[in-house]
């Protein structure tokens, strides 16, 4: 293709995005667009899959049948989200196996929040309330992102996430209206999950890369700091209703800004976890790798069986 | 009508779903593919859904003020009446599928018959559950075929699992004294009559899967009398942990 | 004197022995040789013996009517103050030995210093325990050498375990607020001062074992604040099972 | 050696046994004596090792620190007994590895009682009381058996066993003096362990093989049925003190015989378990095989290390 032709295609492509039309897999797209989307979408898919583990940790110990059923359903939804997202990513010409390989080798990232341990039942509530809450704020704008398959996957994901978020909040509410011991459990979970949740929006704007390009492609509509502020403003009143305290001495309503002011985030911790040194990075990755390796013979068998069946059909047809 | 026998009869059915559901719950997030992970979690969900229906009914029948959770989480090991088969550990995927397959085929026949019970609540639960269980049966049978007639390795693993688990199948058809009473009252299913069909159905799938049908002249039993394998205790320590640690609280 | 800080200080020491003893207890009957089985069970016995001395003392100090068993079995996970190292699972024999070795060397230094405490009960426990722990240290160090300087396979397994467990060593030398108070009162040991000697001693053994001394610039912590790894919860469901299931009974 | 010489040696050997003198490993002995002793002593050793498993099952769940320590010590003692007995057997010219190989391949037997599961804490009490009680009755006469190393090992074993038996009874006593729930737990354990304990004395005399020869060699002093009667006569009054009921409708004191009469033993069950079809045969053997196989690299390493050390010493000496 001549340089001019490419330029022409690029213009059409940019105009399409500007008009809020979707880019579809068969459409021409710049290589960088494709790569960025593969990276972000697969990272998103990996987060769903790794995100099953901290919550999965409480399935066998859920405190009631109702909660056990809800938790199983939630973790199952996450597997489903992973599935949509891997499928959507595959439309960009990369296979699910390649994406898994990137996850298992440590090349691909997933959301750092899942590298914290779930150590009490209240953590299941806190994850639903805070982590899913933060995820929704990050994700709702993606329902209108430019890449069609991603946008459509996100519509389904967001609907379910907001259900999960309400469910998580309801767990917290039950604890906070329960015994003193239960309320303490809820407070303790908030103490441990609050700061990592704020880190889910990524580094501060001045340290964040890709933002401008992402804005143009509608992979982002607001900056990290804007989203973080939105999360805090939305979540603090919810904590007040629960009657538990956000673990931030500097947190207070700023009448002038119309927002909450808040304390300094421990970015050292953030980067440690991103670099793979969080409390559970090793365990999470190892668990995924084990599941994959232990499943190899099963996948091989399914493949071999399918081939045998196909052969039989061919023979019958002949 | 003496309700005690009915409550115990319900436990005898529901505990199988409870313990198998619990075992499946251990696997969520660890499946060989995402699709299988989702399907097995779904089976677990179905089973726990059935458990809730049964235990809500049992709680309602009870003279004591108890809930479905008291029944699920606060009995001692000797009071769980599930068969030994369902409590067996998930040694590998072949054991998971083997256990599921050997139970699903029984479960399907049981629920089919339970639809004829004189107890209308049990009939309703059976009807609803039967749709789910026929899906479970198809899923596990399909995997038996895939693994049996897949690779050399998968065939050997699947055969090992079936050979090992086979000794727990006979217990499915044992009748306890309580079962006999439930049958006499027109409420319970005479599972001993399902045996022939069961082994015929199971053998058909195994044969299609190019697997050998085990020939055993001895079997294990005990679960129906609350005498479980040593695996059961550890399953219960996890399952009961929250209810035991924080008695009387709402979640 | 406010006893609360002393009780908490005792938990901080004794919980390490409790949880490591519990992990060792999982191995009894499963060792690679009878002699090793016996030795590791013996280590577990020593540790539980120490735990009993500590907790009997703590119970005595408490204003409440509590026993050693209440302390051992009836706290919630967040109230156990052991370091992350000791709760790590027994992934294989190299992990068992690695964990033991990395703890024994610390334990030895800690007890040596604890002999200088102003609290005479702690001094007595330290003296008695030190004999046992110096045996543990010799045993685990000898095995580090055997496995490190054994076969290629054992060297690789031992190196893997040491590399993996290394990130839990730094926490051994952290001081909690409560530790600082105990030090100020002349009761507690300033473990931060043991760090240099520890790493020197450990490195000597590793070098003799022809193993690499890991160079890490990050470490894990949390146990001393009661924030444990996800392994801890499952350990506790077993450990607490009887006391939780049958509250208030004597055994 | 001529036939006459052998006969002569045999006469000396028989006379020695008759005079209650010990046969030592370096002494001449008939091949059948050697083989019978290897079989019985290794079976005894295997029973100690496999016997660690049902009790080991409760170490992590023991209900108090005191009981946990006692249980650890007890299971450790069993490992120790295994060790003496393997060593004593080795004096007959067979290695411990060969004996393990026989156990793992299913060629060698171990006491069938260990193929029953321990499903409540009371089972730990019942095993101490009944199983160790039966073992002692079987074993005390062996302290005077003709083969020296075996007799000496048994002196140590019996001393510890009788301590274990008292400890087991004390567990039962604590339960029976505890709550109604605890007493029921004790009763339930007695119900499950009573009949298997009676089977520990082996088949009835008319079905028992080897007895005559074993009597001569002082491997046996009383018949199976005599020992079984002794156990029942001793144990029933102990159950009475506990206030729990031996699960045998036909059990009653026979004034004339001066013994308890008792009901029919289910010999079908006995033979099923002996044939390998008891509730836990598969699990027990698999557990031992796994421990052995998982330990292979450890034993290899120890061996390799010892060789390296020996080489070093040689070099230093040169």
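Chains: A, B, C and D, in written order; residue numbering restarts at 1 for each.
Definition applied: contacts are C-beta pairs under 8 Å (C-beta built on N, C-alpha and C of every residue); 3 or more make two chains touch, one makes a residue touch a chain.
Given the structure is predicted, the values throughout are model-derived calculations rather than measurements.
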{"item": "Rounded Å distance between subunit B and subunit D, as computed from the means of their C-alpha atoms", "value": "37"}
{"item": "Length of the line joining the C-alpha centres of subunit B and subunit C, rounded to whole Å", "value": "41"}
{"item": "Subunit A-subunit D separation of Cα centroids, rounded to whole Å", "value": "58"}
{"item": "Touching two or more other chains - residue numbers and ranges from subunit D", "value": "61"}
{"item": "Of all residues in subunit B, the ones touching two or more other chains", "value": "76, 233, 237-238, 241"}
{"item": "Chain contact graph, described as a line, ring, star, complete graph or other shape", "value": "other"}
{"item": "Chains grouped in pairs wherever the two touch, ordered by label", "value": "A-B, A-C, B-C, B-D, C-D"}
{"item": "Sites on subunit C touched by subunit A in the complex", "value": "76-78, 164, 167, 218, 220, 222, 227-230, 232-233, 237"}
{"item": "Subunit C - residues contacting subunit B, complex", "value": "76, 233-234, 236-238, 240-241, 244-245, 247"}
{"item": "Subunit B to subunit A touching residues, read off their complex", "value": "22, 25-26, 28-38, 41-42, 44-45, 48-49, 51-52, 55, 68-69, 72-73, 92-93, 145-147, 149-151, 153-154, 157, 238-239, 241-243, 246, 249-251"}
{"item": "Subunit D to subunit C touching residues, read off their complex", "value": "49, 52-53, 56, 59-69, 72-73, 75-76, 79-80, 82-83, 86, 121, 171, 174-175, 178-179, 181-182, 287, 290-291, 294-305, 308"}
{"item": "Residues of subunit D touching subunit B in the complex", "value": "54, 57, 61, 117-120, 188, 192, 272, 275, 277, 279-280, 282-283"}
